[in-house]
Amino acid sequence: MSSSIVVVTAHVGDFVWRCGGAMALHAAQGHDVHLVCLSFGENGESNLVWKEEGATLDKVKEARRLEALEAAKMLGASSSEFYDLGDYPLTITPEVVDRLSRAFRQHQPSLVITHPEKDPSNLDHCRTFEAVLLARMKAIAPGHGNDFIKPPQVLCFEPHQSELCGFKPNMLLDITSVWDQKKAAMETMHAQRNLWGYYERVGMQRGAQAGRRASTGQLYGEAYQSIFPSVHTSFISN
Amino acid sequence: MSSSIVVVTAHVGDFVWRCGGAMALHAAQGHDVHLVCLSFGENGESNLVWKEEGATLDKVKEARRLEALEAAKMLGASSSEFYDLGDYPLTITPEVVDRLSRAFRQHQPSLVITHPEKDPSNLDHCRTFEAVLLARMKAIAPGHGNDFIKPPQVLCFEPHQSELCGFKPNMLLDITSVWDQKKAAMETMHAQRNLWGYYERVGMQRGAQAGRRASTGQLYGEAYQSIFPSVHTSFISN
Amino acid sequence: MSSSIVVVTAHVGDFVWRCGGAMALHAAQGHDVHLVCLSFGENGESNLVWKEEGATLDKVKEARRLEALEAAKMLGASSSEFYDLGDYPLTITPEVVDRLSRAFRQHQPSLVITHPEKDPSNLDHCRTFEAVLLARMKAIAPGHGNDFIKPPQVLCFEPHQSELCGFKPNMLLDITSVWDQKKAAMETMHAQRNLWGYYERVGMQRGAQAGRRASTGQLYGEAYQSIFPSVHTSFISN
Amino acid sequence: MSSSIVVVTAHVGDFVWRCGGAMALHAAQGHDVHLVCLSFGENGESNLVWKEEGATLDKVKEARRLEALEAAKMLGASSSEFYDLGDYPLTITPEVVDRLSRAFRQHQPSLVITHPEKDPSNLDHCRTFEAVLLARMKAIAPGHGNDFIKPPQVLCFEPHQSELCGFKPNMLLDITSVWDQKKAAMETMHAQRNLWGYYERVGMQRGAQAGRRASTGQLYGEAYQSIFPSVHTSFISN
Amino acid sequence: MSSSIVVVTAHVGDFVWRCGGAMALHAAQGHDVHLVCLSFGENGESNLVWKEEGATLDKVKEARRLEALEAAKMLGASSSEFYDLGDYPLTITPEVVDRLSRAFRQHQPSLVITHPEKDPSNLDHCRTFEAVLLARMKAIAPGHGNDFIKPPQVLCFEPHQSELCGFKPNMLLDITSVWDQKKAAMETMHAQRNLWGYYERVGMQRGAQAGRRASTGQLYGEAYQSIFPSVHTSFISN
Amino acid sequence: MSSSIVVVTAHVGDFVWRCGGAMALHAAQGHDVHLVCLSFGENGESNLVWKEEGATLDKVKEARRLEALEAAKMLGASSSEFYDLGDYPLTITPEVVDRLSRAFRQHQPSLVITHPEKDPSNLDHCRTFEAVLLARMKAIAPGHGNDFIKPPQVLCFEPHQSELCGFKPNMLLDITSVWDQKKAAMETMHAQRNLWGYYERVGMQRGAQAGRRASTGQLYGEAYQSIFPSVHTSFISN
């Protein structure tokens, strides 16, 4: 039975580095994967583009948008939305929460993937996490319309420095089968090419950790932390 | 594909109240469920038996052993071992760790279920958790024999007062289908009949929490906290 | 010597399920108990009312207001205020903080009872906690008027899923003597009759936990976490 | 109605600096206060005595024992026991746990006061905390004798560096009325006279913190963290 | 090589009590120390001034401003800015974040010193911490101008009640050499003269703790918690 | 002024992967670096050796000892001691603590480097941390001999899965200048050649994190968590 996932990130790069494998994997399994990027990361995460001659805010945003569209396509995303809210810092208004809640009502996700709660080096990430929780509340409330949804699980992907953010992964996703797609998607992100190697190594480390606990062989992985308890009918099928 | 689970508890009552549903459910699913009780709970958790006329330590232990055997049978356990280590407090020696590690090598569990790490009101529970981790280490070490095992996941079941123990459940198990078995097993525990109502309510609360996140209807549940990250090939199949 | 308590909740149901016993108990002891509900819970916590034919936002709010008034009366509240701020999500403005701080100045509470700090499933609760701390600050500041108050203790009542919210109760209140009142007040909340059983069981579990540490017999209880250290002149009189 | 308190410390100095006020205050209120010191602190906390000419282990222990007896008397202790287990490090055997559990059975305390759980600079303190929890378990178990006790509350007093130890005080005790006694008792501890000023300042800081929340005037205080939830019949009488 | 430090506090008193030693010490070492006070603490931390006859908001603010200027001068501050945002509570707007980020761009600090993240008794402190993190983000983003800075370390100084705020100091600063300056600066704060003794004792306690780990003698100290990992080329030179 | 460092590890591999850079760097800076390995990791961390034909416990231990000696030499260690206590699990007796405390007295370290406190997958690491704290206590106690030492700082190096162990690094060490030595030392560890790539990537990730905060260029790093507050006379010299 196919299901739906919504990925919500603060900046366009985040979905590629942090959950590109999950996107490609679940798309390949027949699920709809919808992407929402709250900003283009134009101010704070496009340093290399700003070094180009003639860079303007509009040009930087357009460059990042195109990269993101291409990466999302490579990862099999069913839809991509860019809210263009600005970054460093990102501001969440009630209208943003409402728009996101309507996206949840439209896509009826069983799972939302986003940033973890804390990141002292990047409060845009914290704001996005909070926006997801607010939109989730609004989306499940009957008073805001009959198309209210069942409360989806929220999984947080890995931040840049996990320990700094209090990130405690309790799930490792084996993304070996889609690693080539993720790598290709990362390499569309020319504006952040300084991060390619870093996140390839992250994939290898999480893969090694997953491998220690499961099968053998070179694996690639991604790490996630669940916010709500998951409901099971067996512990063995995993 | 059938798998194996080992349940390790400090006292005989613990397996019934805390993971009786998981035992019955996985046994019904065709998995082997092996039970190890480190003590009979004869000193500290058999108050009603001690009030009986003529109670002696041996009589109390035998009464608890018989109750436990009956409950384990009702829950579908493939085997039951009683290490008879004494309780309040329980003492873990290197020999106990070795015996437990040999049980792990024998049963090759993919999952071990035991107490959570902390419980200021009952250090027997903490000692059991630590013994499981030590035995797990010993069981995976090639130097202790060629029959070493792959490191199993460890899930902690719910303590008596969850917040006091820092228990943070991240998994809820729907035990509705085996509730009658669990209830019957609880009711073999005459020595602790004062707890029947308490743990029936725990089952209803955890069921309600599971129900809020999944399907509707009267559910019974059990709560678990995983110690190691679980490895997944999809987030949707759960 | 009689004192004053202010209870501040996000939605009308909260005061009944979570601190109805404390309200009735302290009212019976001659203290003034003032209730402030920031919203009616009309959007997110009135599902059963929305299923009724012809439900409108105004009708739902009025239904919940009447239920809340009746419950507050049953619990002996000296006053009840409904700020009608909307819910799912609730928005706290500086004006709300100011209004709440003026309520604190008016009632001069030695104790404020409210939601705990964290709840990923319901940020209205977090916002209310924060509003209480802000209003408390404003109420103790001489620059905002000579009627400033001594800083009251803040106690947090139990959320729906305690572990999910990091709730660590350090106080159990024996509400056995007022259980009938609390139960009757719960049963005025027809809009949330699906929760009656759940919170009756919560009362029994907390009562059992309180009973283990104090006297024997069937008890009902409520759990609280204090935010500030309490000041004592003896540890024995409790 | 008079009650009983048992104070258990790792070294002889601890009871004076950390809970001398509580001892004097409750003794003055008519309660029995029993003292158990697991060691004399002879190796690690008697530096000034070791600098004296001709210092031997026996002389140091005797000097500390005499100081402790005098201090305990000044603080109104009903009894003082010295287990003489050695220090730096302290070793807890099953026999020590048993002896302590028998002391609990003899004194039937409603309250045990001891070190907090963690202290990386001094594991003797951690061992003492753990010994108290073990002895408490053993003392409440019917299987170890009919004179089993009701489970007492455990309060942890303040360590030398609170934040280093994760100490989170939730109770402040106003010891102003017995400050002169505590100060005099501190000044019997010649072996640690370098700490007199430090702990006088601790008393003043905790007093100021207590004063901010209660009445005005120069106060002295002590800080405590409760391990188990306390049971209340009212929140106002404090 | 001289460097630059920016100190950001919620109220004017904070810089004196909490990091006056660090200011004087680094100024004496030839570094520029810039001060930003977001409010005068006029409403909530000027109680003694409000007791004076004819006190008005403007008079209180002016009195506090003059005290702060004098104290900052005594501590060797290179500049002092007062944003005059109001207090109890303090409100942070995007404009405030922008102004602070421009101050960071102007001063190019290698270190920012401010309040810790949590303080349930004073949310102005939390707001200030958050404003610093937001302004830091904005200051390092190329999209907001070519004068972007390298991300500075953030150190949090000690709050009024450290344990209440979850403050975990990992650095102690020996301020013995500038204690006289700090004491004199404290004594310019007539509006809060009730705190002089308290913070002199804080200095002595932190000095004693620093002394235990380093050299001997009467020391004064201040405690700090670093938010980001510090980068080292040796562990011994400290 | 040259100083002394003692490194204490559970198994022989640990010092290479986790603090080989710190060893080489401080040795190069003229400090004495002493190594203590409590076991050879012969049972649990020598899997590849056990696969060799004719492997026996003695052969495995000797192979690991030789590898470790060579690696220690490459890293510039002044001395290497192997306590040969066995592993998986490791048992710490009072005699081990005493021997370690005598090593501390002999070497007078200003710094001890060891495992972090927690590791559910490997309790040998926890036991080693605890042994270090116990030996540190014993080494500073005058009652155990006049050669008592000043309490050294304790730094914990990075475990295999940092988040699983609650590892919170607050210091990053730039080991770029000695990376070749560390890599060569890693490559002497043939028994664990499956980890070479993993720990090269760890070095690159920690280097990248250090680089973000300091200078640019390809860096290698190691992460550490300090147990005790460090004492500073300036924050800028770092």
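By letter and in written order, the chains are A, B, C, D, E and F; residue numbering begins at 1 in each of them.
The working rule: a residue touches a chain if its C-beta (ideal position, glycine included) is under 8 Å from a C-beta of that chain, and two chains touch if they have at least 3 such contacts.
Chain-to-protein mapping (UniProt): A, B, C, D, E, F = PIG-L family deacetylase.
Computed from a predicted model, the values in this text were never measured in an experiment.
**Q** From the centre of subunit D (PIG-L family deacetylase), which chain's CA centre is farthest?
**A** A
**Q** Over half of interface residue numbers shared between subunit C (PIG-L family deacetylase) and subunit D (PIG-L family deacetylase) means same, under half means different, so which is it?
**A** Subunit C (PIG-L family deacetylase) and subunit D (PIG-L family deacetylase) contact each other through largely matching residue numbers.
**Q** Can you spot which option in A-C, E-F or A-B is basically B-D again, with over half of the contact pairs the same by residue number?
**A** Among A-C, E-F or A-B, the interface that shares over half of its contact pairs with B-D is A-C.
**Q** Between B-F and D-E, flag the pair that has more C-beta pairs in contact.
**A** B-F
**Q** So what's the Cα centroid distance for subunit C (PIG-L family deacetylase) and subunit F (PIG-L family deacetylase), whole Å?
**A** Roughly 52 Å, centre to centre.
**Q** At what distance in angstrom does the C-alpha mean of subunit E (PIG-L family deacetylase) lie from that of subunit C (PIG-L family deacetylase)?
**A** Here the centre of subunit E (PIG-L family deacetylase) sits 37 Å away from the centre of subunit C (PIG-L family deacetylase).
**Q** Got the subunit C (PIG-L family deacetylase) residues that touch at least 2 other chains?
**A** In subunit C (PIG-L family deacetylase), residues 151, 169, 209, 223, 228-229 touch at least two other chains, as defined above.
**Q** Quick check of your reading of the touch definition: is the inter-chain graph here a line, ring, star, complete or other?
**A** other
**Q** If I apply the definition of touch given earlier, which pairs of chains qualify?
**A** All chain pairs meeting the touch criterion are A-B, A-C, A-E, A-F, B-C, B-D, B-F, C-D, C-E, D-E, D-F, E-F.
**Q** Which subunit E (PIG-L family deacetylase) residues qualify as touching subunit F (PIG-L family deacetylase) in the complex?
**A** Contact set of subunit E (PIG-L family deacetylase) toward subunit F (PIG-L family deacetylase): 3, 5, 22, 25-26, 29, 31, 110-111, 150-151, 153, 155, 169-174, 209-210, 212-214, 223-224, 226, 228-238.
**Q** Of all residues in subunit E (PIG-L family deacetylase), which touch subunit D (PIG-L family deacetylase) in the complex?
**A** Against subunit D (PIG-L family deacetylase), the touching part of subunit E (PIG-L family deacetylase) is residues 161-163, 167-169, 197-198, 201-202, 204-205, 208-209, 223.
**Q** Applying the document's contact rule, which stretches of subunit A (PIG-L family deacetylase) touch subunit E (PIG-L family deacetylase) when the two form their complex?
**A** Going by the criterion above, the answer is residues 42-44, 46-47, 50-51, 57, 60, 87-89, 91, 120-124, 164.
**Q** In their complex, what parts of subunit E (PIG-L family deacetylase) are in touch with subunit A (PIG-L family deacetylase)?
**A** Going through subunit E (PIG-L family deacetylase), the ones touching subunit A (PIG-L family deacetylase) are 94, 97, 130, 133-134, 137-138, 140-144, 151, 154, 227-229.
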